[in-house]
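Structures given as structure tokens follow.
What follows is chain A paired twice: with chain B in the first complex and chain C in the second.
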Partner chain A sequence: MANASGPSKFKMGVAAIYDSEEKVLHAAKSFYAQGFRKFDAISPYPIHGMEEACGIKRSMIPWVTFGAGAVGLTCGLLLTWWTSAVNWPINVGGKPYFSLPAFIPIVFELTILFAAHSSVAALFVLCGLPKKQPPVIDLDLTCHKFAIFVPEEDFGFEFQKVEALMKSTGAESIKKTEF
Partner chain B sequence: MANQHAKTDLQVAPFIPSQGLKTFAFSAIGIGLIGLCIGLLQNPERVWPAYLTAFFFVSCLSLGGLFFTAINHLTNAGWSASIRRMSEGMTSFVPMILVGSLILLFGAKNLYPWMNADVVADNEVLAGKSAYLNIPFMVIRILVFACGMWIFRNIMVGNSLKQDKTGDDGLTAKSVKPSIAFILFFAITFSLFSVDLLMSLMPMWYSTIFGIYAFSGLFQSSLAFLILLLIYVKRNNLVSGYITIEHIHDCAKFLKGFTVFWAYIAFSQFMLIWYANIPEETEFYLMRSHFGWMSISIGLLIFKFIVPFLALLPRWAKRTENHLVAVCMLILAMQYVDIYWIVYPNFNDNHLVFGFYEVALLLGFLGLFVLSMMKFFQKNSLVAIKDPRMQEALSHHVTY
Partner chain C sequence: MIQRKPLVLGDKSLHQVTEDIVAPVERWPSKGWVGLFLGAKTLFIFYITCIGIVVSVGMGLLGVSHPVGWGTMIITFVFWIGIGHAGTLISAILFLFRQKWRTSVARTAEAMTVFAVMTAGIFPLIHTGRPWLDFWLFPYPNQRGPLWVNFRSPLLWDVFAVSTYATVSMVFWYIGMVPDFATLRDRSKNKIRYLVYGALSLGWRGTARNWSHYEMLYLILAGLSTPLVLSVHTIVSFDFAVSGLPGWHATIFPPYFVAGAIFSGFGMVVTLMTLVRIGFPEFKNYITIDHMEVMNKIIMATGLMVGYAYGSEFFVAWYSGNPYEQYVFINRAMGPYAWAYWTMIVCNVVIPQLFWVRNFRRSIPVMFVISIFVNIGMWFERFVITVTSLHRDYLPSNWGMYNWTFFDSAILLGSFGMFLTLFLLYLRVFPAISIAEIKPVLGVGKEGAHHG
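Moving on to the complex of A and B:
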């Protein structure tokens, strides 16, 4: 599980296991209301409203996509312009060397290529992927159980307080773990 | 699954058209009729292109509603169950397509050069096309198209209205097969309809992608109209809980997608003709790149694609009603300009014409469109309340 040598890159904290989607959604809202900000919710599938419940802000990936798309567009224009009109001008059907309509497909494809690959790359960076051997809180979390993990470094972390809140939100079991 | 998004009070008020709406519809129809009558007496060459442009524009809006209804049936879409009645309402103009195109046939000699026997006799190419481009066959094609649309509309919308009364879940499944048949029928006959009405204005010219081009404008503009309709109903508190910003957001995503689709198809048509540079094909774009027409060609690129695309790109833009209203109005205006740009250079290739006849006929058809929807919603509920997928639609939630 955790790295045998060197300090663990994972955070220590407390995890509560819940048996239903409603409970974990409610628990996330309660933790947020109590002032916790660094906790995480773990679910086998996406839950509607969970981003808002955890107070997660919008991802910056759309901006990466837009920026990379704009770069791809510029590169496509420069590539077609330099190869067809500057470095090796070729007369095609008497059209001008720099004929925009003919270059649009290339410009378009490069825009998509840059935008798509950068989005995936940004996703990997922002999510810290690939995660090799992440700590396993509970095997059932990939199937039919849900969890809230509160790291010790979260604001106002106090074991008794967190445990009480977990119990009051209907946690099935509570364990100290790393994630 | 209990969902926090479904807890709002659900209410559907009966639709009572406001005095302003009634006045608009009737006075617009009046202006349209006056325009048509004056035009027929004084200037038939001017009024028929105006009639064709306005008729095609409004028919497309209405057919787009039918297409939206059909694709939601055949994909078993749950999210749209609470807004589907709006697109069904848009189809209430469909019977008028039959009437409108029959009236158009009376003026067709003013529009289509291939209907003139002398022109065809002098032109070998047109003579060769006469197996397709002849009046009886065109009448048959128009009748098949318009009656077919009417029948499919009655089946699909009829099932939905019947469900309002009986609550029979089986009616939802019964709409799937007609929807599949409709899509196939629509793809073929609408292509022919657009070729007959618009492309054959210039019978020597042809573009094999023309049907898709007409369709892309059709769906883009009808989505814009659908969004305006949703916002109208929501703002006037006619429906509460059933139509939320989540539904509008998804329609706006659709709109953005089909804005790109229009540009893609428009560019595909342009680039192949530009690249091959064959005189009989380039004629279409040559006519539209001189005099005032060039500015309209460039205007279409900017205001039918670039501006709406960028304006619909951010997430907030698709969730801000005022912003959406502006973008949708722009797209609707540009759809009219698009049809105008296809029709008018055939008659006035060296100058732009826009005046009383264009405005009057457009108002006339818009008035008819509004009136037909008003009648529809007066008789029927604004929401398909007994749709079995309603719960899914109410819980609909667009994630980040």
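Moving on to the complex of A and C:
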């Protein structure tokens, strides 16, 4: 299901299919130990310890959340202050024009709104979503199979070496593929 | 060491888990489902018709008048929004507390949240009386000055709270489903399924890097939803508490409303889950009796909190020495609306006490009946708070009754048609249990499980 026209943004490489969580975790550790860094592990569910095994750094999404939350908070304060105290001040029940305690619910909700939706947007950017018909190594990878994909551009890529390592870590099948 | 109870029964393999959970989505609907759906849909069409009549003729068709200016619309709005809160409690708060039993019920509970909030959101929009001008609720630059909305009004806080809650819950729910849509996409046997689920899955592939970001986002959304859900019902309670009316003007309202919301929401979750278990027998291995029992314990605990709040209100009314405040509560328990008050007390405080008995907590018919009583009781709680406080306030010349009409009943009943139509469609087209979340907890409670 590779894209028919245009240069593909997907990479060529070798993929190995594994039939258990333990095997793929072990395989990921082995590839990392052999100096591979650009390989990826594919699984139907998040695997405990896989980030350490693949050497993946902590996600940067929390920073986006914090930044967007701060922007939301500022926007909420500016909105309530400018509309209620600057643009058209109205005396409501003798309260000050800028009555902060009464504005806290608005400011709070806008903080959450900005933080939540920006974090989701960050996921889309970081994971490259949405992907239109990305190449699929095996249809069972979203059900009960696991895979390691090593792109040809990875450090020290040599087909024989990669294949041997895949076999020694218990791969069920090995194939050249785009991913 | 105490052995944990397994979260999934029947020693399932990963492949069986997928097969079990997607089965309802991939087979033809059963007669039971079709029957329920046709009933719900008919009720939904009736609901749309009634709303159309109320909007075109006017609010006078409802029982609201002087002095009871808030009626079915506000009562039923609070009722539905409260039901939504249990879904967020299960999906977000119990996630933060690492309560793994929540995994099998979180998806459906959250679907309930989304549909309940959608159902609720319609009521204030109609309650305004001129729904075609509802965009006035938002602060947008306009040609009237610009004249801005009053940011000091709890009703405006509600606009912000409910719209934030609705959008964030929908996104949280959808993000949770993305990996499962990918599973459905990869299983699709025909082009339409491939295109629909392929688009919904956003091309998700489940690489370790993607899972790393995904799990972080899920944690963050859970962390943001937790204060959000508490703030929403707090603000809903402010609609009442910030006014100066005896019976409404109470500092206990925010925690009291939040406890009531969780209580009513769990009532609805138990009602729906018992039905889901009956309709889809393969789910019994995932939504086990143990999980139902835990939810029943929460119903009992929050029921006691609500009961405590009822008692506390009476104590504070007496202790305040304020004759108006005291009269409201005496009137609630012994006035013309005493029947509603005692219905509320029996349904919310007395009947859930049956859950002290272990066999009742673990009996599907018993919990189904009790959960229905909880739903009824919590609707009456909002009726009691809204109507009994308004109908007799300071001046006896200003007293009156709520003139309940056919349209009040029709709109209350019809809202269930909308909710159930959406919920039944959800059960048929989305995987009703999170496949990607249930797989990592398969080992919990099994011999030789390496972690759990």
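Note that the second predicted complex is superposed on the first by the 179 of 179 C-alpha atoms of A that agree within 3 Å, B and C clash if a C-alpha of one lies under 4 Å from a C-alpha of the other, contacts with A are read in each partner's own complex, and residues count from 1 in each chain.
Simple rule for what comes next: contacts are C-beta pairs under 8 Å (C-beta built on N, C-alpha and C of every residue); 3 or more make two chains touch, one makes a residue touch a chain.
As the structure is a prediction and not an experimental result, all values here were calculated from the model.
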item	value
Three-chain arrangement built on chain A, chain B and chain C clash or fit	clash
Which superposed partner A:Ala85 touches (first chain B, second chain C, both, neither)	neither
Greater chain A contact set [chain C / chain B]	C
Touching partner for A:Cys75 - first (chain B), second (chain C), both, neither	neither
First, second, both or neither for A:Lys132, with chain B first and chain C second	second
Chain B versus chain C as contact partner of A:Ile174, first or second or both or neither	neither
Partner chain in contact with A:Ser59 - chain B first, chain C second, else both or neither	both
Which superposed partner A:His48 touches (first chain B, second chain C, both, neither)	both
Location of chain B clashes with chain C - one stretch out of 79-87, 295-303 or 385-393	385-393
Shared chain A surface residues [contacts with chain B and with chain C]	46, 48, 51, 56, 58-59, 62, 93, 102, 105
Residues of chain A defined as touching chain B within the complex	21-22, 46, 48-49, 51, 56, 58-59, 62, 66, 93, 101-102, 104-105
Of chain B, residues touching chain A in the complex	1-5, 267, 270-271, 274-275, 277, 313-315, 395, 397, 399-400
Chain C residues touching chain A - in the complex, by the definition given at the top	13-15, 18, 139, 145-152, 154, 156-157, 160-161, 164, 167-168, 171-172, 175, 179, 182-183, 185-187, 198-199, 202-217, 220-221, 224-225, 227-228, 231, 235, 238, 435-437, 439-440, 451
Chain C-touching residues of chain A, taken from the complex the two chains share	28, 40-48, 50-51, 54, 56, 58-59, 61-62, 65, 79-80, 83-84, 87-88, 90, 92-93, 95, 99, 102-103, 105-106, 108-110, 112-113, 115-117, 119-120, 122-124, 126-127, 129-134, 136, 139-144, 149, 179
